[in-house]
Each structure stands twice: as structure tokens, then as C-alpha cells.
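Residue numbering begins at 1 within each chain, and the chains themselves are lettered A, B and C in the order written.
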């Protein structure tokens, strides 16, 4: 009796949010699908005609598309690897008894709060610039040739900037996870004379599996749509070397003012994201259960 | 002897930790330092790290040119408002997903998360048209709604993870005692998942604060937050690094301070579900 | 007491309401360049003369501004009362009926004083659709001291060959001095502005009379070969991500022997507060190749009123104030003649005080006058625009092609590959847009 009542009240309570959620998912999506079927040039309003799947055809056959897809995956993958591996190492380091640990934590988490546009501008102009940047100055002082970051290794440069923004996030989560590892467990392992490396692989890493999953999932969501960093630094170039799907859709929408094409691109991006999500869950989803 | 060894070890580990942390923090330090240089000194080589003619002229310029407080206030309202609204909607929904799951719950969750992966620029024109018709362009309410919707999938997903960690027995015990669903949520669920809710709140405030697409494209002046403030200093014709650094420092200062003060809550909650 | 207070409040609120009714609030969208910032600072002069108008500034960087303004005007969002747009947008938007013709700028506005090349670029069927705030062309800025040291003299109107030779001679890579700094960052308004203008002087064109892309023609290959080789020998590292500002910083810190870019840069490089080489800069016309066209462009940031605006009268008053002769004098009296917005009016260049204060005045006016948007290059073309093609598709196309050329500059692809992909991309886009039947 009471359970049924609970259920009913529960439904009532949940209804508004579920309806809102549903609307959120459906309205923009429906609109986008609708626009993606139109030949809609923003600069020729009032001239919309039904285009069928033309927009999809043009978007998918765009020679830039496959490059952009590869760049997107590369960017996501590389940043994930850097932040997870780097974050783990960092967390292990900061988990040691060090002087001024509190200050260190503050320093390490800071990049996470910086707006992407700002960090991209700072990196591009103040650090990576091959003539007046700080890295160039360091290289020159050491008698090396400065690296011309955005010409020689454009994608890597973008990856570095993005990784810098997300490394603190990974570090902090993993550090907290480490600190929750039982002192007793650590001591027991020390007593057993277990070396640092087996200790890490048999005790620490399994303990970190779930936090790592959380890091990967949250980061993936944001990394798939990285835009500001690319826009500010390379403008997708040189060539197409730093064009990802988000930038391609941007070019479609706000450089070509092709609303239909951009909508089609958006839908394609969602489908791709679902595929990525599907595999992601297949690979690491186990950790989310239990 | 052993003690001395630990001390040496501790000192070397400390040095290593400071070195790496310093490297991570350096770009921010460098930005702040640059904001106190003249434009000419900002790009001159060799660079100066501490010993240069400190000047606050960049801050004065920024002060006379823009209404910083107006933008900062908007940022606070947008970030805070959208997060609170999102929590209001998400808590019941996450409750339902965690405690009355259906076959489709997991699929729905993932699907929601994947919509977040759509480049926002793909829906700019449809949203712009809707907002124009409803008179929501350049209004705080309009942006609060949009930012809330944008982050809702993450909020729900995070809360869902936390709620799932709560032992079902406790809820059942509460039900036995005759608690209604509302009471169940307020007295049992909320206190238990408070760290989770707190960190969700903080994370979303940060994300909403730094959101730079919708806030730039849907506002002009009344509702314009700090992202537009930054956009008025980046890349003009002419030298801008020092002034941009000053504007950037001002723009990230509030969120940096909030973040620093609350980082423990932020992290504790983030790992609440993840660590057991 | 309470009653009095209430009455007072009532009166006050009525007063406020009355004032609000009489006041027209103008929302003005503008670029964050120095001249506009100065205008923003002088707003009080306008509001003092027009007490019934208040002004709200929306100052943004160029790219953000452009995407906002375009979205707003195309969807008739009505967020702005005065727009700052360039010579690229004006003809396209005027043709679509998105802009109000500026008929009522006042009797003392003196439209005929506007520079003919600029005025032509902002008019459609003889009607002015936007008033120029400042105009620019491009020219060579060079370091007199470095030229002297190398024993070379810069002529007033150099050829590309001379520029290339001089650049190679001056270059001293160990001493961090690079003979020439040119734009390389991809973008229709970045490297493509420079390259399209340069290509004009090499006799190249974007499209033939039937809108067929011309990147497979030898003129483009010559242009790009010349550019890439020159930059390889005498350009700074990182050139492929350098735009206007990056080059300005390089030049001002004494690392460039020459820099070919916008004429407005002249006031920056000669300003001792921003430039370490302020007293060593000389100016020359953009180079040519003996084909009768110089590689200089034409641009004017201009103020326009969107069609359908409810505040046309106030907006026109503002535009007349900001682009009239009175504003020039206002800036001159407050900030000196060198800071006056350049490149819009003949009278400014006839003013002896301006000529004295701005050593770059003559080169600027000569550069502007020698650009012809209707006949940009040697061969006939179906489009207008010197460093751009005034069709809506150009922003997207120009940027994509710009990425290819930037890639060639970075050495990631060869010039031939870049041109081949540019040709393929342009053909594809023009087919998609229906120009090529």
C-alpha cells in the first residue's frame, strides 16, 4: 500500500524534471534535424527549400571530414592518455609527505579554472611563440633551435594546451582517491616488503580504476567539442592538421553561414559521439557497475 | 640514521613536487606577471620574471574602458542561477533513475551525455531564432535556462552516480517508518549525498563560468558576463598582451578564489562515488 | 512624513519615466581596435550635444563581432542600432536590403570629401550604405637603419624583386633579424588578405569571368612559390601562425627588416610607447611586378544602420558625429593629430598639421588611391574587392584555401599540392553554391 503510494508520489515528483529533460533532448534535436534537411543559407533568409539529405551528402563527402574525424579522435585519445598517466604520476608524487602540500594542491588545480580562450591566448603568445615566447627564449639560452610549435607540430601543441587544462582535474581526483587508500594497507604492504612497483600494480592501480573511469568519461564529453583552443591558436591549420569536427561545424555555420550544413554536421557529431560512448562503455563500463 | 634518510627522501620528493607543480602553475603566474608590465616589456626578450618596472596602468585602462563589476555580477548570476536550476531539476530525476530504474535508464543516461558532445555552434541559428521570438536575447533568464540545459546531462549523471552508492536498505528502513518520498529525499538522501551535491554544484559553477560560446553569442550588454569582457580585449589591431593579461586576471580571479576555497568539497564529492 | 516620502518617490519615478521615454538608447557594436576604443572614450562629447540619446557600447574582437552581427542581422534579431562592418560586408548586405541608405547625415557632413575609392566601396547604386570610420590600405614598412647598414636604398615604389633581394640581404638569423615579416595565419582576413592582394600584382585572379577557380594557373603558382621561398629564406620562424598582431610585435621588437601590412600599423610602429624602433621606420608603396597592379588592399571599417531599426534618426546622428569632420578635430585637440582616424577624408590629407604629425600620411593616401576594388587585378574578373571576393561564400572559401596556403608555408605540403587542393576545394564550393553550372 505504502509502496504504491510512494511510487505514485515519486512519479509525480519526477515528472516535471523528466518532461523538461525530454524537451531538452527533443526540441533542439528535432529543430536541428529539421534544419539539416533544408537548404538554408543564413545570408539568404527566406529562401529555404527542402534539400533532403543533400546537406549530409556534402558534409560527409567533404574531404576535410575524414581528417577532422581522425584529428578529433587523436586529440581526445592523446589528452586522455596524458592526463590519466600524468595525473596518476602527479597524484603519487603529491601523496608523498612533502613540505607545503596544501600550497601545491592549490597550484596544481589552478589551470582548471582558467577560461579556455584565455589559456590558449597565454600559451600561444607568451609561451609557445617561436620568437618572443618563453620556450623560444629557453631554447635559445640552451643553444638550441626554438621549436616552431604551431607550424611543426600543430596538433601536438593543441593537445598540450588542452592537456594542461585537464591535468589538474585528473590529478585531484586521483590524489583524493589515493589518500582514501587505507593507511593499514600501505603499512601492511611495506611490512611484507613488497616493492614499490608490485605495490602500485596490485594494490594502487585497481583502487584507482573507478576514479580513472570517472575522469575518462567526464573529459571525453568536453574533449570531443574542443573549439576555443583551436580557434585561437591555429584556426584549424596549417592545412587541416588541427581541424576537428567541432571546428568543421563552426566553419560551416559561421564562415559559410550554411545553417543546413552545420545542422547536418551537428547531427553527424552526435551520432559519432554515441558511437564513441558505446565503445567507451564497452571498454571501461564495467567499472561503472557495482 | 633511518630518520635522516627519510628526511633526505622527503626533501628530494618535495623538490620534485614543487618543480612539477611549479611548471603546471607557471602559465598562470606568467599571465599575472605580464599584466603588470607595459605592452613593450610584455614581449621583449630576454623576458623578465620579477625585476621590472611594475605598473598598474593596464588595470587602470581596463577600469576606465569596461564595467568590470557589471560583467562579474552577470557571471555570478549566470553561473549560480543555472547551477541551482539544474540541481532543482536533476535531483528528482537522478533519484528516479537511481531508485526506480527501468530497462532504459542506462541507455537514456548515455544518450543524454552524448547530446552534450554536439558542437553548440550546430544549433546556434535555431536557438537564436527561438530566443528572438521569445524576447530572450541578451536576457539573464534566457542564458540561465540555456546554460542549465547544457550542463543538465552532467549534473544528472553525477548525481545518479552518487545516489546509486547509497545503500538501498537505509531507504527501505525509512520507508518502513512511513517516510514519504519527499521526506525520504530531504531527510535521508540529501544529507547522505551532500558531498556529491556540493561537488556537482561547484563543478557546474566552474563550467558555466567558463562557458564561452552561448554567453558570447546570445548576449550584447545587459546580460553579458566576463567572457564578453575578455572578448573585448583579445586580438585588437595593436599590442594587447599586457592589457589582455590584466583583463584575464580579473576574469579568472573570482572563480579561482572560489575554487581554491572550496577545492576540498569539490574533490571529495567528485570521488565520493568513485572511491569506496 | 510617510506621505511626503511617497509623493516624492512618485514624483521621482515619474521623472525617471519621463526621461526614459525621451531618451533613445543606441546599442553600438564595434571592433576593439584602438581608434574605436578612442571613440568610446569620447562618447560624452556626443551625448552632451544630444542629451536625448544614450549610448551603449558592445566592443568585441573582430571575429566574434562579425559572427554576432551577421547572425543578428540575418535573423533580424534587432540587437544593434549601429553596426561596425567592413568593405566586404557592405556591398553584400546592401544588395540584400539589410542596411538603411544613409541619406540624412546632415548638411555639414560633406559626403564629397570622402575618399573616392572608399566611398565607391561603401555605395550601392549611388547610395551610401555605410559611413567610413577609418580606412586602410597596405604598404611596406621598413627599418631605415638596417637598410643603411646593408647599403640598400628603398625606392618609394619598389618591385617584388627588389623587396626579395633586400629581405635576403638584411636577414641575420643568428641576430634574430628577419628580412621580411608577412602574414601566414590561415583566415580570409589574415593570410588570404595579403596573398590575394599580392596575387593581384602577379596577375593572378580567384575566378575567371565564368566563376571558374584559377588556382591551376601559372600566376598563382608564381605568387605562392615566390611567397613561400621568400619566407623560407628571410622570414621569421612560426610565420604560418603569424597574423597582423604577431607581426606587429615582431616588428616593434626590432626583429623584422620589412613588414608589408595595413597602413594603420604605421601609427603603432612609430609610437615610442609601443615600439623599440619608433624612430627608424620608413614607408614605401606595396611592391609590384611591372604588370600595372600593386599588391595593396583596401579596407574601411564603417558604421551602418540595420534595416528595420526603430532608431534610424538617432543612429544617423551618431554616425554623422563619429565620421564627420568635427570628430577629427575633436580627436586632434584631445589626443593629437597623429591619433586621428585615417583614410576616410580628402581634407585630412590636405591638412598641413596632419601631414606634419603623421610621417606616413602621404604613403597612406597614395596606397588607398591606387587600389581599385572594381578592377582588382590585371585580367577581368566577375567580382569586386581587392583582397577579397565580395560574395557571401568567400569567408568560408577564403579560410579553407588560406589553410592550404598556410600549410605550404609551414612546409607541411608543397606549393603544388596546396594549389591543387585549393583548386579542388574552390571548384567544389562554387559548384555547391550554384555559381558553376
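Throughout what follows, contacts are C-beta pairs under 8 Å (C-beta built on N, C-alpha and C of every residue); 3 or more make two chains touch, one makes a residue touch a chain.
The structure presented is a predicted model; accordingly, all values stated were derived computationally and were not measured.
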item	value
Centroid comparison with chain B (C-alpha atoms), farthest chain	C
Interface ranked first by C-beta contact pairs	A-B
Rounded Å distance, chain A centre to chain B centre (Cα mean)	14
Separation of mean Cα positions, chain C and chain A [Å, integer]	36
Residue list for chain C, restricted to those that touch at least two other chains	63, 67, 71, 75-76, 249, 253
Touching two or more other chains - residues of chain A	42, 125, 131-132, 254
Where chain B touches two or more other chains, by residue	43-45, 124-125, 231, 234, 241
Touching residues on chain C, where the partner in the complex is chain B	27, 29, 31-34, 37, 40-41, 56-64, 67-68, 71, 75-80, 244-245, 248-249, 252-253, 262, 264-265, 268, 273-276
Residue ranges of chain C touching chain A (in the complex, touch as defined)	63, 67, 70-71, 74-76, 92, 96, 176, 185-188, 190, 236-241, 246, 249-250, 253, 255, 392-393, 395-397, 399-400, 402-404, 406-407, 409-413, 418, 421, 424-425, 429, 432
Chain A residues touching chain C - in the complex, by the definition given at the top	41-45, 58, 63-64, 124-125, 129-132, 146, 148-152, 154, 231, 233-241, 243, 251-252, 254-258
Chain A residues touching chain B - in the complex, by the definition given at the top	2-3, 5-7, 9-11, 13-14, 16-18, 20-21, 24-25, 28-29, 31-32, 35, 40, 42, 90, 93-94, 96-100, 104-119, 121-123, 125-127, 131-132, 134, 137, 141, 164, 167-168, 172-173, 175-177, 180, 207, 210-211, 213-214, 217-218, 220-221, 224-225, 227-228, 232, 245-246, 249-250, 253-254, 259, 262-263, 265-267, 269-270, 273-274, 276-278, 281, 288
Of all residues in chain B, those that touch chain A in their complex	10-11, 13-14, 16-18, 20-22, 24-25, 27-28, 30-31, 34, 42-47, 89-90, 92-93, 95-96, 99-100, 110-127, 130, 149, 152, 154, 156, 161, 175, 178, 180-182, 184-185, 206, 209-210, 212-213, 226-227, 230-231, 234, 241, 244-245, 248, 251-252, 255-256, 259-260, 263, 266-268, 270-271, 273-276
